[in-house]
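Order of writing sets the chain letters: A, B, C and D. Residues in each chain are counted from 1.
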Amino acid sequence: MTKQFRGVIPPVVTPLTADRQLDRDSFVRSIDRMIDAGVDGLFVLGSSGEVVFSTDERRREIIEAAIEAVDGRVPVLVGCIDTETRRVIEHAKVAQELGADAIVATAPFYALGGMAEVERHFRLIHEAVGLPLFAYDIPVCVHTKLPGDMLVRLGLDGVLAGVKDSSGDDVAFRFLVDDNNKAGHPLTLLTGQEVVVDGAYMAGADGSVPGLGNVECTGYVRMWKAAEAGDWETVRKEQDKLSALMRIVTVTSGVAGFGAGVGAFKTALALLGVFDTNQMPDPVLPLQGANVEAVAEVLRACGLELARTPEEVTLATQ
Amino acid sequence: MTKQFRGVIPPVVTPLTADRQLDRDSFVRSIDRMIDAGVDGLFVLGSSGEVVFSTDERRREIIEAAIEAVDGRVPVLVGCIDTETRRVIEHAKVAQELGADAIVATAPFYALGGMAEVERHFRLIHEAVGLPLFAYDIPVCVHTKLPGDMLVRLGLDGVLAGVKDSSGDDVAFRFLVDDNNKAGHPLTLLTGQEVVVDGAYMAGADGSVPGLGNVECTGYVRMWKAAEAGDWETVRKEQDKLSALMRIVTVTSGVAGFGAGVGAFKTALALLGVFDTNQMPDPVLPLQGANVEAVAEVLRACGLELARTPEEVTLATQ
Amino acid sequence: MTKQFRGVIPPVVTPLTADRQLDRDSFVRSIDRMIDAGVDGLFVLGSSGEVVFSTDERRREIIEAAIEAVDGRVPVLVGCIDTETRRVIEHAKVAQELGADAIVATAPFYALGGMAEVERHFRLIHEAVGLPLFAYDIPVCVHTKLPGDMLVRLGLDGVLAGVKDSSGDDVAFRFLVDDNNKAGHPLTLLTGQEVVVDGAYMAGADGSVPGLGNVECTGYVRMWKAAEAGDWETVRKEQDKLSALMRIVTVTSGVAGFGAGVGAFKTALALLGVFDTNQMPDPVLPLQGANVEAVAEVLRACGLELARTPEEVTLATQ
Amino acid sequence: MTKQFRGVIPPVVTPLTADRQLDRDSFVRSIDRMIDAGVDGLFVLGSSGEVVFSTDERRREIIEAAIEAVDGRVPVLVGCIDTETRRVIEHAKVAQELGADAIVATAPFYALGGMAEVERHFRLIHEAVGLPLFAYDIPVCVHTKLPGDMLVRLGLDGVLAGVKDSSGDDVAFRFLVDDNNKAGHPLTLLTGQEVVVDGAYMAGADGSVPGLGNVECTGYVRMWKAAEAGDWETVRKEQDKLSALMRIVTVTSGVAGFGAGVGAFKTALALLGVFDTNQMPDPVLPLQGANVEAVAEVLRACGLELARTPEEVTLATQ
């Protein structure tokens, strides 16, 4: 395998029409915008790509649209997120059939059973589907933290190609980087952080998967290039600007979790004219009124130019 | 709707062949055994029915086999367990098409967003599928506890027909019973407890959904009849005997969660000759060797007659 | 040792004056009222006795006042609650010196280190202080659940005299009762439940430690006597009435945890004329205004006669 | 107030003799070693200073010994860690009387009640004791995360002088730094991280409180000076070396939490000849045998010279 999965690989946010269909025009626009900005890959059907909200048919539709839009310009990683092994393998086979360059899977969730089962889960997925496999470490969603020694072992055994670390545990991540280096770097280690990517780069991450990259990818691209060049002062400054922009997820009220986070990303993308609406998948409602205003205010404060007013965005889903 | 969902409604454990196919003969045998013992309904594709381990095709196979085997003798409730609303609705439509009498759904999981979304989730499922809908309150799996006031409101609005309470929060359950009674009893309230069902009956539960009922249903049937008759001393004695039997889930070592609980149920059923194997779905492994012995020892101590030796059960999956 | 610690042993709520001094008159009144009602013991400086809010001097004052007021009529158990072993032993020695009949200690908290340390903690306390020692199982406060096998082992070794179970884990409690019986009943097992004490009695508890017993002890005494007589229908009815009364802790708004629970107990006791005020220890504020009204409404609905108006109670701390 | 609390302020680990008395000679040696290395302050009776294991008398002994040993060379911050407000205030008054330059307090623990009470807690401590007050954000121990907006508000109101952030939530920390800067920098913000201090410095931290600084303070001092100079490459390299050393807390087995972390620090200090023993406070046992070897191996791999063999360290507490 010669495909590279290093650098900036945003998890692609999925645009919906007002009646909650996939908005292919907005999707193409957003993908082109990120590739033009210089991203190194795209990760579709991640948590912020609303994978768990999407039916199997919708997932297939998203993969097809993404692979068609990307057209080989960058590698496409596809999230195969489901509760247990056999369900994950079904998604993985679809992803493979549709042309994914790599697949991404979490630990099992809903029914937990200990680390031996988690390890067997990844081994079975790898046996069933030959594509490069990334472990998605996201305890906030699956309630299991993947241990570093298991990850490196699965890397050495050729089961895992890499890890997308959304654990928020930067200490464990640094130890993982270190263990991976000592083992000959079998794993590509990507941080899912958005606000402290600078620290992950200093620790030795091979790249990042920032949801905020959908809204402002140029900064993440500049930050990665600076990190590659060892220009840490630029890294720091770019991170500071992006952290200020990330405030779009904290300025709203009455919303939480996915609705607050991805809700703010979609709202920003609608305000910037990339998405036609900020519609959210059931049972989540889109940000409205004052919350849209609040997101717009952050964008303006960060120097971004709005293509649409907050009122227009609110009206688009009503 | 005249269907009743009161009394003992075991969550049906799913037998697998050694190569992890649905074992239809064992399934029919187990279902007949429970109906003959006098259960009031059956709940297929619950957590212990390995719903989250089963592909969509397997789920369909299980529903079909169950409805055919039951043949109208008792109502069949079908678990429609998936991460978010649209995926749950798809399962619910399949269940409806295949002849389910009621459906059972949890709160959304993996991506959380607050109680307003949970409530909207149940309302959307009800709008999409006309079948009686039970809320499955299982925070250990979905990490949301369903609040009593929301449940009663959804009952009064005709959204929910009842609740299957696997929260382990007996205080909240008693308050829920009380609130439900004050509201005119819109909800049928079933406890998912196995070891403290007596307390739930004293609190006023309308029935129980005990996984252990797969292993020994006659005791649960006797306990329910005694509770209906107000014969609490019999309730207590039956519960004590069943609690002693439930030790099959605590005597094993090196296993946890689903593998320990359902693993022990399947092992007991294999030892009793109801199931052909104690095979488990990927990535879980079946109990073996000393763990099978330990389960057998509990069964013997409780006076149950074994149809197969522990060695035979261990060998059946090797 | 011939002292018995069976039956109803309420955790004594600590009355404060408006300026947050120990209100000895109210304390004596409340203790006499409970002893007159027939309780079998009293547990001072439990969680609801505001042990962790009280300075060492205040703790000493409370123990002295309690032992003087009780005057040998029932056994007095004293909570020796602190972070780690040496601090707990200091409290235990004070309790012993002041005449406690037994001491009650939790697992270590703040800094956790595994079960071997928890077991050593109880052994060291027992070695240092000869009084009967109860383990207080309260994971919601200390974030460790005491395992049943360790408790029974400590009982057999003469380290523990009993357990006060406030874990809310009724399944584990039933298994503990069973294991304790099999071991020859070395432990006296008291449930800290208030709303599902009936279930604990059916499971075989040796008594209860209900905070609500401060407000209405006669019901708990009747329930225990009925349980001893095997009259489960009376047990059930008494529990239903007490559960209705327990709603004082759920009808308030804007308060949580200790402030909601003990706040409601103190407010009820002030409305009933047992306490002079419903004052709370820093940093907690007493219930006021509409919250006091809400508590009063529950008391009236349960047929209790108020000695004071909600306004009077609100004014007493202003 | 002109005292500065910026830079490297290690939480001082407390040496014990084999019979668990304060080892004053080792204490003086360790303090001198850190001050000679250039630390900017010392924090005694922090979590790793075994504050919750120490009786009040022991706490007083530690404060006195520390203040005498420091002799004004650097500021001394004293941890006043206890369950609730009045108990904390008592410790704070002792610290003030003994000459502390600042006090450090956590949110209340054991009994939780919401953020209004947490805020009132800090205000009451400040009212009672005039010393500069640091909030200690350590949710792993107290199960409350201090919200950034509350911290900045308490800073602006003159209640808090700063924050010691041991939350492990680097995203929240970066937002806190940003909010604090926007508010005019009322708070001094210290990170409690050890392995990702570089990221905290890039985020704008005013210093660090690394437990590992007891073992190797010169690296932390160099890292801080490099950060102040904007020499991020040096920051990164120093952090990498310190992260490698931090592996002393992960190479042991059979120990957890405080026993693993502070146990490893004490063991390293004993191997380096700074402490006479690696004794731990009850109920914790010191590292022994293979665990001491494992710590020694890390020290050697990091180029540190051992003054004592692992066998000698193991023997010192036997």
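Going forward, a contact is a pair of C-beta atoms (placed from the backbone, for glycine too) under 8 Å apart; a residue touches a chain by one contact, two chains touch by 3 or more.
If you're wondering where the values come from, they're calculated on a predicted model, not measured in any experiment.
Using the mean of the Cα atoms as each chain's centre, the chain most removed from subunit B is D. Per-chain Cα centroids separate subunit B from subunit D by 49 Å. Each chain gets one centre point, the mean of its Cα atoms, and the points for subunit A and subunit D are 35 Å apart.
For subunit B, the set of residues touching two or more other chains is empty.
Taken together, the touching pairs link the chains into one ring where each has two partners. Every pair of chains meeting the touch criterion is listed here: A-B, A-D, B-C, C-D.
Those residues of subunit A that touch subunit B in the complex are listed here as 47, 52-56, 58, 81-87, 90, 108-114, 117-118, 120-121, 124, 141-143, 255-260, 281-285. Residue ranges on subunit C touching subunit B, taken from their complex, read 168-171, 174-175, 178, 193-196, 198-200, 202-203, 230, 232-233, 235-236, 239, 243-244, 247, 250.
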